[in-house]
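Note that the chains take the letters A, B, C and D in the order they are written out, and that residue 1 is the start of every chain.
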Amino acid sequence: MSSRKTVDDLELGTLRSKIDGLNRRILELLQQRGDVVLEIARVKQEKGLDGYDASREDEMLRELAGSAVGPFGPPEVKEIFKAIFRSSVNIQERKRLQEQRVRRFDLLPPGGIRVGNVGIGAGVSTLFLGPCSVESEEQMDRIASRIARLPVQKILRAGAFKPRTNPYTFQGLREEGLRILRATADRYGMATVTEVLDTATLDVVAEHSDMLQVGARNMYNTELLKALGRSGKPVLLKRGFMATLDELLLSAEYILAGGNDRVVLCERGIRTFETRTRNTLDVAAVPLLKQDTSLPVIVDLSHALGRKDILLPCGRAALAAGADGLMVEVHDAPDQALSDGFQQIDLDSLDELVAGLGVKAPEKENG
Amino acid sequence: MSSRKTVDDLELGTLRSKIDGLNRRILELLQQRGDVVLEIARVKQEKGLDGYDASREDEMLRELAGSAVGPFGPPEVKEIFKAIFRSSVNIQERKRLQEQRVRRFDLLPPGGIRVGNVGIGAGVSTLFLGPCSVESEEQMDRIASRIARLPVQKILRAGAFKPRTNPYTFQGLREEGLRILRATADRYGMATVTEVLDTATLDVVAEHSDMLQVGARNMYNTELLKALGRSGKPVLLKRGFMATLDELLLSAEYILAGGNDRVVLCERGIRTFETRTRNTLDVAAVPLLKQDTSLPVIVDLSHALGRKDILLPCGRAALAAGADGLMVEVHDAPDQALSDGFQQIDLDSLDELVAGLGVKAPEKENG
Amino acid sequence: MSSRKTVDDLELGTLRSKIDGLNRRILELLQQRGDVVLEIARVKQEKGLDGYDASREDEMLRELAGSAVGPFGPPEVKEIFKAIFRSSVNIQERKRLQEQRVRRFDLLPPGGIRVGNVGIGAGVSTLFLGPCSVESEEQMDRIASRIARLPVQKILRAGAFKPRTNPYTFQGLREEGLRILRATADRYGMATVTEVLDTATLDVVAEHSDMLQVGARNMYNTELLKALGRSGKPVLLKRGFMATLDELLLSAEYILAGGNDRVVLCERGIRTFETRTRNTLDVAAVPLLKQDTSLPVIVDLSHALGRKDILLPCGRAALAAGADGLMVEVHDAPDQALSDGFQQIDLDSLDELVAGLGVKAPEKENG
Amino acid sequence: MSSRKTVDDLELGTLRSKIDGLNRRILELLQQRGDVVLEIARVKQEKGLDGYDASREDEMLRELAGSAVGPFGPPEVKEIFKAIFRSSVNIQERKRLQEQRVRRFDLLPPGGIRVGNVGIGAGVSTLFLGPCSVESEEQMDRIASRIARLPVQKILRAGAFKPRTNPYTFQGLREEGLRILRATADRYGMATVTEVLDTATLDVVAEHSDMLQVGARNMYNTELLKALGRSGKPVLLKRGFMATLDELLLSAEYILAGGNDRVVLCERGIRTFETRTRNTLDVAAVPLLKQDTSLPVIVDLSHALGRKDILLPCGRAALAAGADGLMVEVHDAPDQALSDGFQQIDLDSLDELVAGLGVKAPEKENG
């Protein structure tokens, strides 16, 4: 078996060169075909004709599949040419958009995505801290006053509109919650993020918060995503717990396509069979997303894990994987929280966690 | 080993009787406790006091856990009493709602849920048929004219507002699509169902369609569910593709709690590791849901399977499991469909499918 | 839209001719490329190399996308070439699958797979009935005497070697259990199936049982599968709870490749996020497997569901989907069972279940 | 809300005293119930019966909910008693877990688990490096000579017996592969690990390798686990790709119960719906396992990810989460590998990876 490689290498190598050559010639013809397609589109547009002609495609497919003589039979020929047709539709539909905007690597300004006085994705980790829900002014003050003192770059988070699974549980203080969150954050000079549930309440949320969060349950809510594209506000877009990374990127693309590039992606665990954690933290999502986009990526530890005792090792892991920040739910009295008490840490534990993570302090803010 | 059973049976039986007795005594005390809780609530209400006092609960928990001597240690005592506290809050919050409305077995009127001239869940299977998307008047007419002829109870389905994953794919004809769907259905005397994406467009959809569909991506959209509760229109509620049955029932509860009992549940496959089907049809969901609710349950075969070649055996399986109906996507020219062509069957295949399923013809409608 | 076609003119006609010409030239090059692909596959197979090389594809995609100059940008080039790659894999697969024995449709003899006096897969449903574990002679006799009376085609099942997750739970009576099972079955003229755990104990199990079961945990145990291929005994091969259908067919192929075609496939539920059932019964697996192979397919209801209350509707569903039989665990006193008591039905419930399923009685056995 | 407390009056005080009294009496009964539960568990264990009986619980719940007369309706009664049942399981579990050997924290000797000249789990990360399969002496030498030079603690890994899904792909050089692996490792003074597939070949593998690997497909192979318990050799136990952490610990318990404490656990990704990675690396498994056991935990990056381009960030994440080592597949010519070429890195990439991970050099070996 030992001398096999050298002989085979030659044989395989030759065959692979042939493939490479054929690929190049096919690509050349495809580009010529693309030119003609665009020319047809131009002519049709001038004449006010519909761009897309399904019956014409069907005719071509039938003809090509019918004349399929060789290793590729009719099903393969149809599949390949359907891909060619789809791509031809694509280049017409978005002639100016040479690729998905989310995959461009010039989206992120040097200072990162600015949210209030914070720049996300510019080298310093950002912590998103606060309670699951705004419950009262006193509660928010107790929590925010401690968060404000932490020597890290942070954003105050808290839910005002809560998307609860059960209709009879606490649904959030809504507008009142927004006002409390804003007032508290202003008192301590912090930026805020809070969830927006619906196009109907987008305006009021946008008026009160520096950043708008799309929750995991809303990642596929395309009407909301479109509205956020128009809003221009920074968006924290959470991955659905049943969403692939490609679907997350397409949801981001909805916002970007609407003219808003200020999107931060958030891995928050996916639903699997394992029950030890509420969801399964998909840590590989961080480097995979960063290969595809320049948008910042953070990890919501509290929702990914649903337990407090492994926040530190998992937070370290997320940062080691390249995350631009972490979200952690914090409460002054988790046992009394109106929602998700079991996964919120208390204020002393927060100090320990932040010390253990060893995140860098932010640059001094000038003015 | 053979004589073991008789001795052990006695021993285990005695112990189990003890448990049963203790259960009854615990329940008795719990009910007494419940009476006092309601009395406290009444007193507080009279005095205008807040109903919920987290610090009081915390105090009780600390005291009880501190005095935990016996097999149950502090964590177990806390868990049990937290359940008692939660339940005590529940009975205050929804005193009149003795249980979840969705679990009541008197929800379904004898004629089933009426949608136009059709009664869903009243013994005769209902087929929900039509294309993925409304594409044109001609297309809808070609399809509807064939569906109208089928000797089964049916509802015309087609998407006008489409929640597409990709922002650059066809998003539906929207208002124009609603008008075409309505006109086509009226021409053939059929009732319609179409998806509603958002609270902002609910009114226009409700105006044009007999039944409103909540898609799998929107099952957790609580703002939309609440609005549907207020709308009073029949709702077809699809299970999220990563939603448990308990979550589906809670989503239905949102609609029912808003005053609308006319909800049909729809199993449409869940996301798993298996790739042969687009999703995995969870056929056990049908009898499980029917154990918990009197609401009708149908199965969306097209989305569950994502392929056409096993519609018949899976449709038979769904009906054998007790489903009240099936949804199947139908197109006059699937290869040219603007969306999901690969899973839509053509009109001749529809005839065969319906014949193969052997569903009963509906009772004659008397004007 | 209807008058569109007539507006076509010379200019468009010319451009469309160009497209047609380019299509033909692209197809020609694709077929040449297909020839080289098959040649590479042949060389690799001779060397025992893996056929599919994702990194090679990635490299080609990167190179082609990188040199995409023209109307088709990197995303379109990637999409088209991915379709070409998929189709190239298809034609290799088609060749390879044509060679897989499991996909032949002449495997099943007219009388089905004979196990004792029973023919599985020959039109009459077979029920595989018995307790989870052999516990004692008396227990087996109580159960088998009732099963024997049922007017259906059946095989007596019971575990002697038990693959328990927990090392401290009952592991089966092993050799003693095999002897009890054999003696009981002989007394009532029934054929038997029992699980084989390991190549080391295969011979003793094969000596005592008419059919050998490969449990879900052993579906990937290739050494065991090979040994079963050599044994010549009928095999009941359960799908792993984490196995795709393709993997199940490949495990069957191991047995067939060893010279043993007498394999019955068994769907028994897959592991998903839903917790209402122990596993999720993948009912679509039945027709999908039957499209690919002529081997009989049965459904193990007890393990798929892990609960007794929906056996009837799910059993009906499995048969409606085309299953050749059902497996149900039965115990004379489920509450006292040494294993899996919660999913075994009692003997009266068995009578009801069989009546409810309405399976045909077997043909009279002659001699 | 702040002045609420002071308003309390006599009436409320009296009612609250009643609540306190009822709480105490309920707790008393709960503890009595706990005693009976433990007694039942003891009796069942003596008989080898399963401890947990879901149908018994269901029955009790139905009965209790059915007799719920008072302010607590069936849902509350169910919720409370479910908490009681969970807690009752907990106290049995606590007793049972206290007895599980794998959960003892004195298993690991100060120098870690010794495998040849390496101590795993004693503070210095161990890298498990080598090709997927032994292919030839030359191949092993090219790879091992480079690995030997790395300034890290390492073990040479390579498969001789391969558990391939497809019966027609390369199945490993088997005995010949064992000999090559041993000779190569000896030449470079390295310890080895290789997979054992089956009890029948355990002896020959144990004779040639310093450590025995149980692959993911064999994690549930209890006969093999028992044999490994008797063998006394160090074991590398991989998590099944659809196994919960509790199941992994129970598989380890099989080996420990047989008298062999030298077990290293390996997280290698679980099967989910996400397709970007071959499996989903469950990084939280590392700290969760370390909370439950003192056995070392490593991460197999190659199988978890199935791609090479994110090894570094994910390797960093695994170490940051507390892993005691990493496994990475390495090949001198990945494109020519006889198996899994797409996930093996070449030798130059290995150097970069090790540099990037920044793992500590091992202590000098004396003698």
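What we mean here is this: a residue touches a chain if its C-beta (ideal position, glycine included) is under 8 Å from a C-beta of that chain, and two chains touch if they have at least 3 such contacts.
These numbers come from a predicted model, not from an experiment.
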**Study point:** Pair joined by more contacting C-beta pairs (A-B or C-D)
**Key:** C-D
Check your understanding: Based on CA centres, what chain would you say lies at the far end from subunit D?
Key -> B
Revision key, fill the gap. Rounded to the nearest Å, the gap separating the Cα centres of subunit B and subunit D is 37
Practice item. Using mean C-alpha positions as chain centres, tell me how far subunit C is from subunit D in Å, no decimals. Key: 28
Point to revise | Multi-chain contact residues (two or more partners), subunit C | key: 1, 47, 56, 242, 271-273, 336
Review point. What part of subunit D is in contact with subunit C in the complex they form?
Key: 47-50, 53-56, 96, 163-171, 197-201, 217-218, 220-226, 240-242, 247, 250-251, 253-254, 257, 271, 307-308, 334-342
**Study point:** Residues of subunit B defined as touching subunit C within the complex
**Key:** 1-2, 5, 8-9, 136, 138, 242, 244-246, 270, 272-277, 280-288, 291, 304-305, 309-310, 313-314, 316-322
**Study point:** Residue ranges of subunit C in contact with subunit A within the complex
**Key:** 1, 4, 7, 11-12, 15-16, 18-20, 22-27, 29-40, 43-44, 47, 56, 60, 63-64, 67-77, 79-84, 86-87, 90-91, 271-273
